[in-house]
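Shared between the two complexes below is chain A, which pairs with chain B and chain C, respectively.
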Partner chain A sequence: MNGIGASPPRPDGFAKVSGAARYLDDLSLPGMWHGATLRSPHAHARIRSIAWDAALAPDGAVCVTVGDLPGPNGVQLIDDGWPILAGAFTHHVGEPVALVAAPTRLAAQQALQAFTVTYEPLDAVLSLEAAEALPPLYQLGMDSGDVDAALARADLVVEGEYRTGHQEHIYIECNGMIASYAEDGALTVLGSMQCPYYVQKALTHALGLADEQVRVRATTVGGGFGGKEDFPSAIALHAALLARACGRPVKLVYDRHEDIVCTSKRHPTLVRHRTGVTRDGRLAALDIEILMDGGAYTTLSSVVLSRALLHSFGPYRCADVRIRARALRTHTAPNSAFRGFGAPQVEFAIERQMDRIAHRLGLDPLEIRLRNAVAPGDRLPTGQILDAGTSALPCLEEVARRTRFRERRQELEAARARRAAEGDEDQNGAEPRRGIGLSLYFHGAGFTGNGERMMKSPVTARLLPDGRIEVLTAMTDMGQGCSAVFPQIAAAAGGLLPEDVTFAEPDTAEVPDSGPTVASRTTMIVGGLIARVTAALRDRVLEGLPGHTVRDGWIESPAGRVERFRDAARRLRAEHGPVELTLRHEPPAWQTFDETTYRGAAYPTYAWGADVVEVEVDPDTLAVRPLQVTAVCEVGRAIHPTLCAGQIEGGTLQALGWALLEEMKLEDGRYLNDRLATYVIPTILDSPRIDVHLLESHRDGGGPFGGPFGAKGVGELPMDGGAPAVAQAIENATGIGVPAIPATPERLLAWQRAGQTPGGVR
Partner chain B sequence: MIALSPRSLDEAVRHLADDPALVPVAGCTDLMVRGPEALHRMDRVLDLLGLPELRGICAVSEGLEIGAATTFTEIRHSAAIRAAFPALTAAAEQVGGWQIQNRGTLGGNLANASPAGDSLPVLLALDATVILAGPAGQREVRMDGFHTGYRKTALAPGEILVRIRLPHPPAGTVQAFRKVGTREAQAISKVVVALAGHVEGGRIAGIRLAAGSVAATPVRLRAAEAAILGSSPGLVTAERAGRTAAREVQPIDDVRSTADYRRFALERVVRRMVLGLT
Partner chain C sequence: MSTAFLLNGRAVEADGHPMSRLLDVLREQLGHTGTKEGCGEGECGACTVRLDGSPVLSCLVPLFQCAGRRIETVEGITAAPEGPLRDALERFVATGGVQCGACTPGIVVTLASLLASNATPSREEVRTALAGNLCRCTGYEGILRALAPAEPER
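Take a look at the complex of A and B:
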């Protein structure tokens, strides 16, 4: 049972659960030293001097400071404005200032004492409010129709301000790299990463090496969630600089504390909404302002902001829309990629705004969404005409049916009214308050705008001497399961058995640059290429056999089975030498997008979802406990339903953690919750039951764009729906308005005292 | 690192007298998380887990004695504790998670002296006595006097915490425990409260209330106790207890919670517990 829609065991599973899998920190190279990083204690300071006293450093430790860089002081991403080491200034707490390497990890830590740095502290910008008046890192806008006229005409204008906080990835494996130089000056870097070619480009750019001189290999990746999209490039550079300085391989691995202190987080965001609505609850105008805290350097903020803009109107119809979006600069560590990439923040805001509108109009949360949700053939504010797989309404209707949303909400309201009528509800026991909430969400699959068109990602397939097909991609399996899904796709597309196909390890010396493992693009874009290239290589083997096909690993003529595909492939390989094919991704011609006006088809397709969450809130402590989540997600086609549902369960839980527990507090630009004892993520006891129901639009013909077998990207989708649903459920349970997350008990208390209600401040 | 594993309490006390830098260790669940630097400084340790005098749960004439090296798992599973001191069972069930309960000890919780230690308000409410051993022999300290300041205890240098004694509570005693943590498990308390009290002839005849994470040490809520002793149980009494408790503590804002919230939760939890006194 390996076909599309079956759920075969994942090939990496046993090694991971048995402890046999080797992660970066399990590896050691002969003669390897260990690195450590000296970090700024200041949010903003001038660096007057850096001195290194070799006599204080143990065991011949070596150091690297900014003066030792052989090339430009920038980590190459979209631009190279992110310094490898702080130059004359430091712009956030934890910014790397200097590096050391020593024979052991402990010696490297101790060697940090040999530095004396003189800082001159400067004023720091530490909040969105303070940053708002200053020039942004990046800004964008989109206009559709005439918002001012539509607002003036509207029956009601509703305003709202919604905030979300930092979120730390907490991948199980912290970031780490090993760099080593060969005698001929070639550099090899091993590490935990999502994007081997990003790392390679950063290394060649900063070290002045040619592509062939830099080899990057991804080791087993213990989770990423976006936290291993851009950051590994910086660590790889640090490890390489140290390896260069000491003439040995160097391992640089962060412990959890260091990883939290200095790696990127989800952008804290403030969204201001001004919405015109008709009396019967239809959206007439959306005026949206998005402020994201980019931290000290742009890193990926421009593209996060872009995705945020393109999801800020939610899965709703509205012709008159104005969006202004800015990524602001603060003196905190750069915020960057995190599952959802800007969409969860703005979808929280639009969903909360929809709830507020419903409250003002006396509609229930289901009704306001039913009246406004997009359907096939509708236009998004960007002008994109939505395809036949547009499933906002099917998701909404299915989740409402499965959870009896309306009836359940009425039951809970009746129970609340009964308690209130009976007098002091507290006296009648400590039973928790129950509440129910609902959200509707969507996620653009694949790179935003013209990203895929510019990259034209290649995937290669070749015949091995034993007649198997080897497929080469740069994708890493960080736990999401592409090592299980890719063979399914290749086998199904080629008519082969799973054992007829094998996949190369992500190693830049071997595999082509099929792009980064991000943006929910792996199954949909790269998987699509795998299907095409495998089928093309199969056809190459069938050349000269007209009328023949391959099924279940056998070449068949109209008369029946002829021979095993592998035998024919082996013969061809033996006679011909290497047989290899490379195909590149080509987005559909109709998908055009104008990057200046933000009009057009920003994504080839969208995945859709609707969540219902039931919570209980402790009347004495205001602690919120999510009891049950029902998630209905439309994913085009689930290649591997178990892994697909697993993505949705995990993403939903990550969203609940962000919504309820995970609060990064800052003091003078320093994260106070800089360890797992204080940065609190959900444990299994905090996890509700999560029922996942997959809808598959491929059954109805899908849309004009099809990933392999109709699959859409799914990895980020579930991050979008949990937070607004749980916020609505808390309001439903308590009557306390929830304009921000995390909705900790401390904040619920403060909001209650400040008169926050579901309709706004009383 | 050198680890000494003495076989008797006397031997352990002698080692400590000989080497003041020796660090006594039990389950190590507090020590191991103090960070790499602290661990590197701690180069000689004295393992207490093998000392028979620090182990076991046994009945004595006044009540029950629990060895300092008894783990929370052992406490959780003790039928004797569950029967007589259900508040302690409840606390043991909510310390960390199972892994921490398997290693962490009651004595370690006391000696570590965090104001958030979950067992500490229970021991205060149950009027425990702590038995210490040092070069000069054994001595007893009332639980009220054991925590002398922020992370400070009555343990003198060279002393080991040996046993904890819980007296039989008066007949009809109601016990309660409530931990308000940051999440459902593996959570340090934002507020933790324990109560032991009994009602006679329609009046509260005895009451001990204690709380953690609301001051520099775990504290008895003496004003709240005084405000309701002799009153008839019920909503008015419960609300008075909650209000008084919230006024008599000095919580702070920190990385886990706010002073405002701690007062609020303490008031509500005390009120709820006193409502349960019948």
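Take a look at the complex of A and C:
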């Protein structure tokens, strides 16, 4: 079974199980050298001088400093403001200052000792509070209705401030690239990446090469989560500069420590809410201020901020809304893309605010959400009218039913009241406290605003001489499983068998620029194009056969099977030579968005989810153990339910790690826990049982809401719900208010002492 | 200096400093790149191999300790799997135990050791065995589904 809704084994599965799959660091080119990077030890400093003493370096080692750059000193992303190497100043610890290459990895490390750099340390900006007074990297705003009047009219105004911290991706395969030049000056870069064409663009921009002279190929990607969206462009440039300097292929691979020190993280965020509500718990006004820590350079912060703004009101109805959002500049490595792209931070905040409102009004967390959740036909604050696949309420109702949320919560509250009455609330060695929490969340799939319209992503399909259809896209499989899902889509759309279709590897010399593998757009946007282009190529083969269709790989006339599609396709290919089609993505005409006022349909559709988390809190240590998560997600159509559930399971655990364990501690701009021994992510023993239930809103034959066969983007959705649900569960278990994550024992103790309660500070 | 040991049943000799990491020797000298480096300091389990039948972290094993001993890597362990391991590997792919695959070789080696002593481990036994193998992609559920099929499936 390979059709839509079946879960065939992923094609790369056995190669990964057996160790045969080749990741970047498993590759070696003849004559290849190894690179290493000299990094700034200062958060902010003037670089007075850089000296290289060749006598101290291993034989033949070469170095590259900023003066050796052949073109602009900028990694081209949205703009090129992110330096390839630090210039006169360094703006964060770990910023690359110089590069070396040598015959072995060890020799390259030794060669770093041959540098002497004189720094003049300067004052650094290292907190959102300090950065708030300074000019931002980027700012945005949105207004709907009259917030001040609505606040004045409201029965109750509730204020809250919610914080989230850095999160490191910890893809198990660290970043790495190999660059090599051919004799004619053409450059080939291999690497672990989400976006081959981003890397190509950065290389052509900085090295002054033409597109045809730069070939970028993605190797097997050992996890990305956004961490291989922009950063690979910088590493590719470093590897290419070294290859150019030493005249050999150069491999540049980070070890875990270096990867944590210098690569981007999730933006730490502070959200301030002032919410007007009616006595019966309906939102009347939302006044929201978002501050995101962008780090030293803008990289992708402007688009992260944009997505944050557009998810900050949550899946709730409210007409009078004011949002002000700023990405601030601090002296840390640039914060950038991480699964969810700004949405998890702001959805944590709005969910916490909803809980606080419910607490003030004496409503339970389910009730406040049932009263405010958007339904089909409702308007978002941006003015977008929500489609029939708007599933906030179905998700909420289903998760509450499956978990008996209300009854279970009452049981736990009663137990807590009993303990309090018996006076053993604070006894040492007492039983662990159980708590339950719930969250409601949504995620806009595809690029924000007019992104897809501007990109007009192409996908190509062509007939191979053997009659198979080859589809060409630039998408990389970083584990999410597009290598399994794409063939399902193509086969189903074309009426073909899976073996009638094949997919090209992501290689800029072969495939068109179908955009980056980000933004939950791969299945929904590119998958939709794959369906269209495969069907169009099939129709090309059927030309001159009116009334014929293709089913299960056979051409059928009204009278029955005529011949194998592949036989007809092979003939056409032999007679006509190459047969190839390219189609481009065109968003629906109704999806228009004004990027200055932030009014309109920011996303073609949204995926929806509701989580219930049950936790156990040790009353002595305040250590939190998540026991069980139930996630109900509405995904339009699950093309491959096992992989779809896998995205939700993995994303949910990342969200719990962020909520409970993953705390990046900073001192003078240096991450203190810059190793896997000290930056702790969930092990299997830290992990709860995660039950995923998929809801589907598609109609037969596809739907108006999403991509191919009604599928919506799902990769980032599960990152949005886990943290607020766990925070609510901790409050339910302990009575301690949780205004920030990670909710570590140290912080819970501090909040307890400071009088933090679910309703705010006592 | 040369160190002789058995690698997946074949006698090999590796040159290198006695303190070289077995991980590097396997990957760079002996061409066995199935074993992965995820942290280099004993935290992630991606580099797990079997030494005389027991799982060890090859990033922490110096070459000299391997002299005369039996090393099995993911390549050897999965070359001709039998019995419960074969079934488990098939299920592993089918149930979503693999996403990016960077953790997978280490997990497969650990599981092979578990299954060698316990053909039908419970969910808790699998969790205990895998306590030292980090996976950032799957949330571990797909892995557990593959190994503890007695658990109710969705």
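As a working rule, the second predicted complex is superposed on the first by the 750 of 762 C-alpha atoms of A that agree within 3 Å, B and C clash if a C-alpha of one lies under 4 Å from a C-alpha of the other, contacts with A are read in each partner's own complex, and residues count from 1 in each chain.
Just so it is clear, contacts are C-beta pairs under 8 Å (C-beta built on N, C-alpha and C of every residue); 3 or more make two chains touch, one makes a residue touch a chain.
Everything numeric here is computed off the predicted structure, so don't read it as measured data.
Using the contact criterion defined above for the overlaid structures, shared-chain residue A:677 touches chain B and also reaches chain C.
Look at A:737: by the touch rule set out above, it reaches neither chain B nor chain C. When the two structures are aligned on the shared chain, A:685 is found in touch with chain B and with chain C.
Chain A has more of its residues touched by C than by the other of chain B and chain C. Applying the stated contact rule after C-alpha superposition, one finds that A:745 touches chain B and leaves chain C untouched.
Once the two complexes are overlaid on the shared chain, A:136 sits clear of chain B and of chain C alike.
Contacts of A:620 after superposition on the shared chain: chain B is touched, whereas chain C is not. Of the two partner chains, neither chain B nor chain C is touched by A:494.
Once the two complexes are laid over each other on the shared chain, residue contacts for A:527 go to neither chain B nor chain C. Of the residues of chain A, those at positions 255, 257, 677, 683-685 touch chain B in one of the two structures and chain C in the other.
Residues 33, 35-36, 40, 97, 180, 182-188, 235, 255-258, 260-261, 264-265, 268-269, 271-272, 275 of chain B are the ones that touch chain A when the two sit in their complex.
Every residue of chain A that touches chain B in the complex is listed here, in rising order: 106, 109, 255, 257, 424, 427, 430, 619-621, 623, 625, 661, 665, 672-673, 677-678, 680, 682-686, 745-746, 749-750.
The touching residues of chain A, when paired with chain C in their complex, are 7, 9-10, 12-23, 25-26, 169-174, 220-225, 255-257, 478-481, 642-643, 645-646, 649-654, 675-677, 681, 683-685, 687, 689-693. Interface of chain C with chain A (complex): residues 27, 32-44, 46, 73-75, 78-79, 89, 92-96, 98-105, 108, 127-128, 130-144, 154.
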